[in-house]
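I am attaching a structure below and will ask some questions about it afterwards.
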Amino acid sequence: MQQILDDIAAQMALETDRGKVADYIPQLAHIDPNQFGIAVATPDGQMYTAGDASTLFSIQSISKIFTLTIGLGKLGDGLWTHVGREPSGDPFNSIVMLEHETGRPRNPFINAGAIAVVDAIMMGHEPREVLGEILQFVHFITDDESIRFDHKVAASEMEHKDRNASLAHFMKSFGRLKHDVDKVLGTYFHQCSIAMNCQQLASAGLYLVSNGVDKHSGVRVINEHRARRINSLMMLCGHYDGSGEFAYRVGLPGKSGVGGGILTIAPGKGSIAVWSPGLDHIGNSKLGLKALELFVEKTGWSVFSD
Amino acid sequence: MQQILDDIAAQMALETDRGKVADYIPQLAHIDPNQFGIAVATPDGQMYTAGDASTLFSIQSISKIFTLTIGLGKLGDGLWTHVGREPSGDPFNSIVMLEHETGRPRNPFINAGAIAVVDAIMMGHEPREVLGEILQFVHFITDDESIRFDHKVAASEMEHKDRNASLAHFMKSFGRLKHDVDKVLGTYFHQCSIAMNCQQLASAGLYLVSNGVDKHSGVRVINEHRARRINSLMMLCGHYDGSGEFAYRVGLPGKSGVGGGILTIAPGKGSIAVWSPGLDHIGNSKLGLKALELFVEKTGWSVFSD
Amino acid sequence: MQQILDDIAAQMALETDRGKVADYIPQLAHIDPNQFGIAVATPDGQMYTAGDASTLFSIQSISKIFTLTIGLGKLGDGLWTHVGREPSGDPFNSIVMLEHETGRPRNPFINAGAIAVVDAIMMGHEPREVLGEILQFVHFITDDESIRFDHKVAASEMEHKDRNASLAHFMKSFGRLKHDVDKVLGTYFHQCSIAMNCQQLASAGLYLVSNGVDKHSGVRVINEHRARRINSLMMLCGHYDGSGEFAYRVGLPGKSGVGGGILTIAPGKGSIAVWSPGLDHIGNSKLGLKALELFVEKTGWSVFSD
Amino acid sequence: MQQILDDIAAQMALETDRGKVADYIPQLAHIDPNQFGIAVATPDGQMYTAGDASTLFSIQSISKIFTLTIGLGKLGDGLWTHVGREPSGDPFNSIVMLEHETGRPRNPFINAGAIAVVDAIMMGHEPREVLGEILQFVHFITDDESIRFDHKVAASEMEHKDRNASLAHFMKSFGRLKHDVDKVLGTYFHQCSIAMNCQQLASAGLYLVSNGVDKHSGVRVINEHRARRINSLMMLCGHYDGSGEFAYRVGLPGKSGVGGGILTIAPGKGSIAVWSPGLDHIGNSKLGLKALELFVEKTGWSVFSD
């Protein structure tokens, strides 16, 4: 395994077409595109890493896995009154389907859906309290209390909030958000600003590898049904309008973030985190996708093969 | 396994809400909704069945798996210039996305996409020749030469062709079909009219269970990459706008047909065919979906669990 | 003329199906639906009225004519970089076309377009200043300084701003608004809250009757080209997705508001204001439309007849 | 008037940017773009012409005015169960709105709507009979029996029918067409193939100038209401997604055809026909629009001015 990761990191270092770093907020635009990290955590407690696997980056939309898990824990299947579970066939920030479906987002991984999940788990509490809960959950599944929000990133997102504010007000106009739009957005932007490295992220994914239990620590995070279903949502909707492409090339449940990270789950085998800040035209990490494709070729970990 | 199937068949026999039989052509409208069949084929050559597993039914859209396989065999990745591989977020017969994407269908499993695949594999040949090839392929993967087209079903589809004719002419107006529209539609409707039973269908799926090889017969049908990728397409797009629901509840690649059949692949484990003619509001077999959900609960064969 | 108006008012008093008063803010929901007013102002200075023609009501979207006039005065044809001039085929608050056309509203009479016009005429000024200018313009064209904003209506709109906030943030995310969204919305809601009666409104329309000049006072409000073009925009887009219906039944340029008013222009002949608070399903005054249809039958003032 | 037309023709002769001749069928692609004709017919029987006013061209979509008139004559307001009367905000051949509105076209001037009108007036008759009736109507309103279909143009349209065939089959799939699709299309393409010159076309429009009566001949073609309403439909929907632009720049009801002709009605004043084969990007005659804009500047015939 270590050899595989080293090979991949070496090959990625040679890539010249590294995509385009997200530039809609200055905090992301400044990241050096010449970075690449990969980490694999296995249920038996092993951790393999290569490249910049201990460099912190903004996990952005990958955080939607964690709030979805919290939401299912708190509301159970009641969560599905707030958000659907079908692919959208539209970009991450599209508003068209919201209008045709009276403000109910298609799934929890497009922006509108993730905002609806945040609203659902707020339950009358203040952003500070909800954010405390989210961070506590991340500390719990990683067993690492050093993980923090990046308040500068969150503040900058808030300054450039317009597209997400539009989605949130749109849903609110249909009565689909219960809390103040700015509080929901503040919570959402902080959730997305969490800074983690590949190692921490791979570790965070372990509960989805083993039916809801982190086998290494023995801790049950969520029940078996829900773990399986979070994986299915990652498979169908984890990469916006590139979900089909990811399933086709990688064949594993995954969730990407605009910071360049991707968390990928191979049920029963391991949790893989990759990071490289340059994005393709859909908004997924260009080298991340390439590295995962190579990884699956070498390991045969696709869920679609024997 | 036999016990599991018997239990499922017994439970399905008690169901009163059996959905609504497709009624857009008389040949399908007359089917008795009180039927249910299930068959499981495993790579070691075992076949388990329960209920009406040897009753023939119209496989309809399930045939799209076979023409996709033929298309990939003939054109390789060139097939993707004819059709995409992303979920559509629209009903099976929607034309909206075609207009926004200059006539290129989103994936090979919506009607427009399947029609484009037929056009791609015709390569100047007459419908009779292409249909011969399709049937030969089905005979080959099932090792059963008794399988036939149902010409009455095909003729009736042709009589009620308008929605599909609209899709075909639309694509042709963008230069995306090379052959005469009526010939393409005639081929497509015959392909969909193939009559099979659950046992035959389960057997036909075996090459997708084992990386492109039918392990029992030892025959390689398609290379490993493509087998994996056909599975990924079935997972993401196999049930129209109910693909997310199927992935969520069943967690296996599958393809449904309006005749009430569903073919489902558990990589490395087996090929499952179910059939019950009553459909849910999206057009997938109501009891078929329920039976598969139970089957996965009992066997743990979901690709999303350990 | 007086006889015609009296007849119409008498007939309207007998109507039992009076539509549904707008109820999205309490200030509009409380209005008594059993009211009807009509006023006709002619270029020679005559004013004819019937019914509740001196009762104040919220002019709402009718105000968009005035801000469009101000916008053309200030920016000339430069205004059309901010907003288009085609019918939209969508409801007044639709966001779908905005997404397909990169945030540029189709015309100045749908909400998004009117908000874009407000932003365009702000030119760095504070809402208070812009609102002063709008009110001054209304005073000028009506020669009536008693006309005021209804701050309670404006405040209530602000409280229920979500749909419009969504449109505004959406446009801002495409860089199409230059000012702070809340300031633009505050200005927009105040503009809509202007309270006028039929008599004042008919008087306000006179400059559009006579090629930009209020013939009675001799004052030129706007040049001939622009007057003609404002009329064409009212004809094509003045009633949202009911514009075709209004042209078909009335055949005059007009602009409706959700408060139940409609201002209608018969070039060369007169300016007609009607008001009745009950709306049809599209959001236009039900009796207002009926009364105007009768009025045109009796006067022959349609622009589409000899 | 003669002077005005001569000036316009002279000015048009100097234009170098003449647009692009329609090239989707060879019969239209061969037309020399350096032609321009204009003719004005007035209710007192005068006819003024300039340029190539007696050259025949394919009237194409202008024919939709005539079938709409026939349809209203035969079915009265019952015609509106087949087709709506709102602008579409979409290109002439869009299918998107059809899907959202269950196959009912938005208005009789987009292709789908015109096809629905043809189907409505067929009433069980054969294409030959219906075409006879259409031609008879055109002979009647022009008092010119030399006008003919161009069968080569019609045949070529049939050969390239795909986009219109898609629209027709789509409507038929919703039960909105009663006749065989190919017969409806054959009738529609012949109707569009009528060859006329500017003089004949201006003469044909006279009944819409004077409330349904051709004042010169004294013949009533249609009742006053309907004449007015056909004009309103031409104003709102006569130029596809360029209808707002035409109303803004010309301010008269008009209908354009892809052959480069435009018929324009100035109620009470005259009927203006222009022709120049080069089209703008929306599909309307580039010089035709320019010439009409000049014409209205010089005559003041806009319905939006005093």
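We call the chains A, B, C and D, going by the order they appear; numbering starts again at 1 in every chain.
Simple rule for what comes next: contacts are C-beta pairs under 8 Å (C-beta built on N, C-alpha and C of every residue); 3 or more make two chains touch, one makes a residue touch a chain.
Note that this is a predicted model, so its numbers are computed, not measured.
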At minimum, the number of touching-chain hops separating chain B from chain C is 2
Looking at the contacts, which chains touch chain B and chain D alike? none
Counting only C-alpha atoms to place each centre, which chain is farthest from chain A? D
Between chain A and chain D, what's the gap in Å when you average each chain's C-alpha atoms? 55
Round to the nearest whole Å and give the separation of the Cα centres of chain A and chain C. 47
Chain A and chain B, separation of their C-alpha mean positions in angstrom: 32
Junction residues of chain D - those touching two or more other chains: none
For the chain D and chain C complex, residues of the former touching the latter: 43, 84-90, 97, 106-107, 209-211, 224, 227-229, 231-233, 235-237, 241-245, 247-248, 251, 253, 267-268, 302-306
Considering the complex alone, what residue numbers of chain B touch chain D? 94-96, 98-100, 161-163, 165-170, 172-173, 181
